[in-house]
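Two complexes follow with subunit A in common, the first pairing it with subunit B and the second with subunit C.
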Partner chain A sequence: MSFSFADLGTGALRAALPLAIWGIGAAAYAAAKRDGRALASARWSALITFLLVVLAALAMIGALVTHDFSIAYVARNNALETPLFFTVVSLWAALEGSILLWTAILAGATAYVAWRGTPALPRLATTALAVLFAMLTFFLLLVTTPAADPFVRSDIVPLNGNGPNPLLQNHPLMALHPPLLYLGYVLFSVPFAYAIASLILGEGGDRWLVATRRFALVSWALLGVGIVAGSWWSYAVLGWGGYWAWDPVENAAIMPWLVATAYLHSVMVEEKRRLLRSWNLSLVIATFALTILGTFLTRSGVVNSVHAFTQSAIGPLLLGYLVAIVVLSVGLLLWRLPTLRDAGAVGTPLSREAIFLFQNVVFVAATLTVLLGTLYPLIAEALSGAQLSIGRPYFDRVEVPLALALLFLMGIGPQLPWHGASRVTLERQFTAPIVAAAGGALLAVATALGGAFAVLTYALAAFVVATVVQEFARGIRARRALHGESASTAFANLLRRSGRRYGGYIVHLGIVLVAVAVATSQSKTVEVERTVSAGDHFEAAGYTVAFGGLRSVREPQRDLLVADLAITGNGADENLRPALLFFPNATQAVGSPGIAAGLHDDVYTILVAYDTSARSWATIRVLVIPLVSWLWLGGGVVGLGAVIAALPQPKRREVMRPLTEAPATVGD
Partner chain B sequence: MTRERAVILVALLAIFGAVAWSAWPHETTAAERVDRITSELRCVTCQGLSVKDSPAASARQMRDLVVQRVAEGRTDDEIRGEFRASYGDWVLLSPPASSWTGLIWLVPVVALAAGLAVVVRRMRAIVPSAAAPSTRELAALRERVAREEALDLPQADGAE
Partner chain C sequence: MTVRNARVTEPMGARRVLLIAVLAAAVLIGFVAVQNLASSTVYYLTPTEARERNIAPGTAVRLGGQVETGSLRYDPQTRDLRFVLTDGTTRAAVIGTGAPPALLREGAGAVVEGTFAADGTFRATQVIAKHDEQYAPPSPGATPSHQTP
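Moving on to the complex of A and B:
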């Protein structure tokens, strides 16, 4: 018998499944009986399961790279002429492969918890391990049954495959965006598993939350950066000049991120004030359920979207999984509710915990709005057969005011002390930020930014930046006074020694960049469309666009019709090549924009139409989009801030114990 | 303190003025009207893109029709109505508030109101206890803690 990647992959997955099932029992037994041998068995099961799933993923990559069209997935998503890069990333270009990637990440998280979590928290982490094994079992069932078996053989082995979806082999971000999103999605399983474990054990405390704080932060950051990478991809590939369309898959990705953002903040309330215990559990459960709901919505063909893969048997299974998770989690939560009493009350409306609560309310309202907006066409059709659409006009109108409210809260929250502030402090703290906000508003008016929302965004952005600068200045001043450090050393030490706090402020700055980018690009984009002949040129927002003519380019996997454009003016001197791409497996040409990116504005060019007979003319659309690159920059700053906040801080004495509360109990 | 208060007041007035200035209704040009109408119409061959955003051929035809209707002097409602008549409500990217489907507009309002009601109720639940320090004392202490939190004191008693 000769070697086949299909046999290797199938074999590895089939061997992993019983190990994962065994792991549920072993970990549960180890947790219940505090049995060391059972725990060791569960740990090794986790590690071997992980290695087997990685082996299966490598087998799929091997099959793709060697163009093994005897595997149906390879035949559908790869072709002999597909470039190596897009061949490898085809692992996640369609349903079965992406479920395999998902399973591999989940197996990795399970192995991590098995080896790194269980020594510190034997009972809690071991119970969480059993929960993780149960979830892993579900995904292994998917990839070993026809639901999402990636290694199904082709009935007839074709000489060449279809190649990936044209849209998915057009940009290197394809290598980054889906894995980041999946990592973010799947790593949130860990906080969820600990939360469930805490409920099962009836612990009532916040150990689950402290133990998984970093996991939650990292998965939140990966999800956030993955969303920004996705909007960058859609901006660079889809060719309409936008980066966010409130497409169901975008909505599916943003919903867990919104709830997770609420969670990351309300966690602090529980840590500092021993409040919101049941609320935090609810947020973790909701975040996790939304990751599964998103997968269900987009992978089952229930809603149409650019991203949705073809309809498959996986839909009902994911729906069943989602329902089971929600019913079991909510049931557990209700059962344990009496043990989840809060130790105290919220302070005045002008206390930090109150701002966190308002922030939570707004985040949850924003999420509910996205959720119902996404599902509403389905609901309306089921109820009355009415066909209707919920798109950008609805979401923009509803979410923008909520986003502005969040910016406002982001400015005041960090400035307020826990329990409440006096009026004198308020005035002292907020004088400079309010003056900055006025400056932001006037700047917006002076630069002719259209619309009250855009002006408000500038005002609030300046407000938040001023509060962050004020916080850093205060911290630096204090360190200089106490330790005699230079300003730069003090700054570095703030980030290193109090990374959670000051990293968080850096994240806030990243969000401000995103907000300013969105407000500016949405309200000041200039659009010019001209039909031109070779040698013609025209103006767009101070740039001169010269059309050099059309030409054909032949590449192994596709043909291109390229429009040569020269962009000059405003300090730019660039040659752009917007094109239409013709793939053998696609009936319609795919547009590919030519973009001259800049810190100040992007010149975004699209070849809209052309003279098909003599190629003597072409219609070119030019969008001059201001500050759009700040959006990607903002995503990077958010990621950087999250890294600073997630890095382990040097050990130090507990100086700032809360005044009225007992010290946290530690130990199992 | 009065000086700070005056500064805050002037700044708030400036913000209010700037927002009011930008929100002031102005004469809309034909191009602005076309943009507004086409951004609310669905490109019928795309997945969720508006006629304004979509580069597709069908969207360009719909856009041309809107340009023509605006030039003819039709109102926004008449133009929207024409598209609704040919494609149904589906062609509108946000449901009209007039029919029952418009209930979706209430979702954020209801969610916010319910959430705020819960938060406010929790804040009222504070029962001040006799032994506890007064709010004012507590606030003063908390502020000091917050100030110290901004530092990274190696020794708590060092600041005493």
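Moving on to the complex of A and C:
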């Protein structure tokens, strides 16, 4: 019998399933009886399961690369002409492949906990391992049954496949955005599993939270950067000049991120003040449930979305999984509630923990209002049969004020000491930032930024930046005084030795960049649309756009109709090629914008319409979008800050020296 | 709220202030959300449903149907776009501004978003050629064709 990728993949997944089921029992037994042999067995099961699932994923990539159309997934999502790059990334271009990727990541997380987690916290991590095995079993069930079996054979083997969805094969970000999101989604399983394990064991303490702090931070950062990469993809591919549409899938990704952000902050309250224990457990459960809800919404076809995959049997299964998770975890939480006592109470309203509490309330409110807007069409259809959608105005009007409130809290929270601030502290911490905020507001007014929200964003952005600069300046000054370091060494040491705190400030700067980018691009974009003939030129916000004509380009996998544009003025000199792409597998042409990106503004051009008979004219839309590239930059800064915060701190060698690293007045 | 004495405020009083502030914020946010939910609702209707429900002028509607053959007019100079959307029973005259989507064709499906004017015409803020991605895998050897729905 000849070699077949389908046999290899199917075999690997079917071998992994019983191992994962065995792992549940072995890990549970090991945790209950403290049995070393059972734990060893669970560990090896985890590792072998992981290797088998990776083997299955590699088999799928092998099948894609060799265009093995005997596999239905390959026949639907690949064609002989598909470029190699998009062939490989087709692993996550459709339902079954993306669930396979999900399973592989979850198996990796399970193996990690089995080998690295259990030595540190034998009982807790081994119980968490059993929970992870149970979740892994569910996903292995999906990929070994018709629900999402990626290796189902084609009825008839076609000579050529259908090719990937046109939208998914014209941008390199396709390689980055989905895996980042999946990593973020799936890695949050680890804090969730530890939280559940802590509830099962009735520990009532914070060990689960400390053990998974880094995991939560990394998955939060991956999800955040994945969301920004997704909006960048949407901006660069979909040809509408925007980057966020409150599409159900975008909402599905932002909701767990919002709750996880709340969690990362309230964790600090629990660590420092032993407060908010049941609240933190609730946030972890909510974050995890929202990742599954997001998967359900987008993989079941219940909502209309550009991302929604076709209807499939997986919907009811995911819904069942979601309900089971919510019922079991909330049940556990209620059962253990009496053991989750807080050690004390939140201080005055002007204490750091109180601001964190407010911040948490706003984050949860933002999540719930996004959830309401996303699910309302489903609720309305179920109740009255009316088909409707919730438009952008709802999300903009509700979420923008909440985002501004968060920006404000981000400025004051880190500046307040735990327990409460005195008047002297307030003056010392906020004089410079308030001056900066006034400057920011003036800058916004001076640049004729429209709207109160935009002015407020600038003021708050300047406020936050001033607080961060002040913190760094004080930290550097303290290190120079204590250790006699140069300013640059002191700066590097702040990041290295107090990464959690100063990395967090860098994250805040990234968020400020995103806020300024959104406020500016939303309020000052200039749009010009002209119908032109070859040789014509027109003006848009100081740029001259010259139209050179239309031409056809043939590529192996598609045909292009390209408009040649030359952009000059404002220091720019670029040739852009907005195009319409015609793929053999799609009835619609796909627009592809031509973008001249810059730090100050982007010139975004779209071929809107053209003379189909003689090609004598074309309608070109030009958007001049200010500061939009700061959005991608901000995403990168958030990721960088998270890396700094997640890196293990070096062992302290200077045992004899005083260990103060930051001004003690802030009360870290 | 006395900032000077913040540290010595009796905990119960501080907690009450916090609780009230949190509750007030929650109520305010809930109110704003519900207010905006109603005003941001866009109904999906066919022209017949729109007529039967007697949709008031100014209500945001998403109308789906077919572009009636012979009705599509676009003037590239004035950017005036007009066509008739029909579901076979009821016709709705649609007026929009700007070039139609590249593949908006007579006889093909379209979705328009906008409001009805007092004179009964539909003022579209957005015109979308209906997505029809129901591509069947091509039979062996055949060239996949650009189908017209």
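What we mean here is this: the second predicted complex is superposed on the first by the 651 of 668 C-alpha atoms of A that agree within 3 Å, B and C clash if a C-alpha of one lies under 4 Å from a C-alpha of the other, contacts with A are read in each partner's own complex, and residues count from 1 in each chain.
Everything that follows uses one rule, which is that a contact is a pair of C-beta atoms (placed from the backbone, for glycine too) under 8 Å apart; a residue touches a chain by one contact, two chains touch by 3 or more.
Predicted model, so just to flag it, every value in this text is computed and none were measured.
Engineer: What does the overlay on subunit A give for subunit B and subunit C, a clash or a fit?
Structural biologist: Once both complexes are aligned on subunit A, subunit B and subunit C clash.
Engineer: Is A:Val608 contacted by the first partner subunit B, the second partner subunit C, both or neither?
Structural biologist: Both partners.
Engineer: Tell me which partner A:Asn570 touches in the superposition: subunit B (first), subunit C (second), both or neither.
Structural biologist: After superposition on chain A, A:Asn570 lies in contact with neither partner.
Engineer: With the two structures laid over each other on chain A, which partner does A:Gly420 touch: subunit B (first), subunit C (second), both, or neither?
Structural biologist: Touch partners of A:Gly420: subunit B and subunit C.
Engineer: So in the superposed three-chain picture, is A:Ser70 touching just subunit B, just subunit C, both, or none of them (first/second/both/neither)?
Structural biologist: neither
Engineer: Is A:Arg397 touching the first partner subunit B, the second partner subunit C, both, or neither of them?
Structural biologist: In the superposition, A:Arg397 contacts both subunit B and subunit C.
Engineer: Have a look at where A:Val445 lands relative to subunit B and subunit C in the superposition and call it first, second, both or neither.
Structural biologist: first
Engineer: Which one hits more subunit A residues, subunit B or subunit C?
Structural biologist: Comparing touch counts on subunit A for subunit B and subunit C gives B.
Engineer: Quick check on the superposed pair: does A:Arg428 touch subunit B, subunit C, both, or neither? Answer first, second, both or neither.
Structural biologist: first
Engineer: Just subunit B (first), just subunit C (second), both, or neither: which does A:Gly241 touch?
Structural biologist: After superposing on A, A:Gly241 lies in contact with subunit B but is clear of subunit C.
Engineer: Of the partners subunit B and subunit C, which touch A:Val346 in the superposed model: first, second, both, neither?
Structural biologist: The answer is both, since A:Val346 touches subunit B and subunit C.
Engineer: Can you tell which stretch of subunit B bumps into subunit C once we superpose, 2-10, 20-28, 74-82 or 146-154?
Structural biologist: After superposing on chain A, the clashing stretch of subunit B is 74-82.
Engineer: Both subunit B and subunit C contact which residues of subunit A?
Structural biologist: After superposing on chain A, subunit A residues 345-349, 354, 357-358, 361-362, 365, 369, 372-373, 376, 380, 386-394, 397-398, 402, 419-422, 591, 608-609 contact both subunit B and subunit C.
Engineer: Can you list the subunit A residues touching subunit C in their complex?
Structural biologist: Going by the criterion above, the answer is residues 75-76, 156, 158-162, 165, 345-350, 354, 357-358, 361-362, 365, 369, 372-373, 376, 380, 386-395, 397-398, 401-402, 419-423, 426, 529, 531, 580, 582, 584-589, 591, 607-610, 617, 619.
Engineer: Over in the complex, which subunit A residues touch subunit B? Could you list them?
Structural biologist: Touching subunit B: residues 239-242, 245-248, 304-306, 345-349, 354, 357-358, 360-362, 364-366, 368-369, 372-373, 376, 380, 386-394, 397-398, 402, 417-422, 424-425, 427-428, 430-431, 434-435, 437-438, 441-442, 444-445, 449-452, 454-456, 459, 471, 474-475, 478-479, 482, 493-494, 497-498, 501, 591, 606, 608-609, 621, 652-653, 655-656, 658-660 of subunit A.
Engineer: Which subunit B residues qualify as touching subunit A in the complex?
Structural biologist: Those residues of subunit B that touch subunit A are 1, 4-5, 7-8, 10-12, 14-15, 18-23, 39-40, 42, 47-50, 53-55, 57, 60, 88-95, 101, 104-105, 107-108, 111-112, 115-116, 118-119, 122-123, 125-127, 132, 135-136, 138-143, 145-156.
Engineer: Once bound in the complex, which stretches of subunit C touch subunit A?
Structural biologist: Touching subunit A: residues 1, 3-4, 6-7, 9, 11, 14-15, 17-18, 21-22, 25-26, 29, 32-33, 36-37, 39-45, 60, 62, 74, 76-77, 79, 98-103, 129, 131-133, 135, 137-141, 143-144, 146-149 of subunit C.
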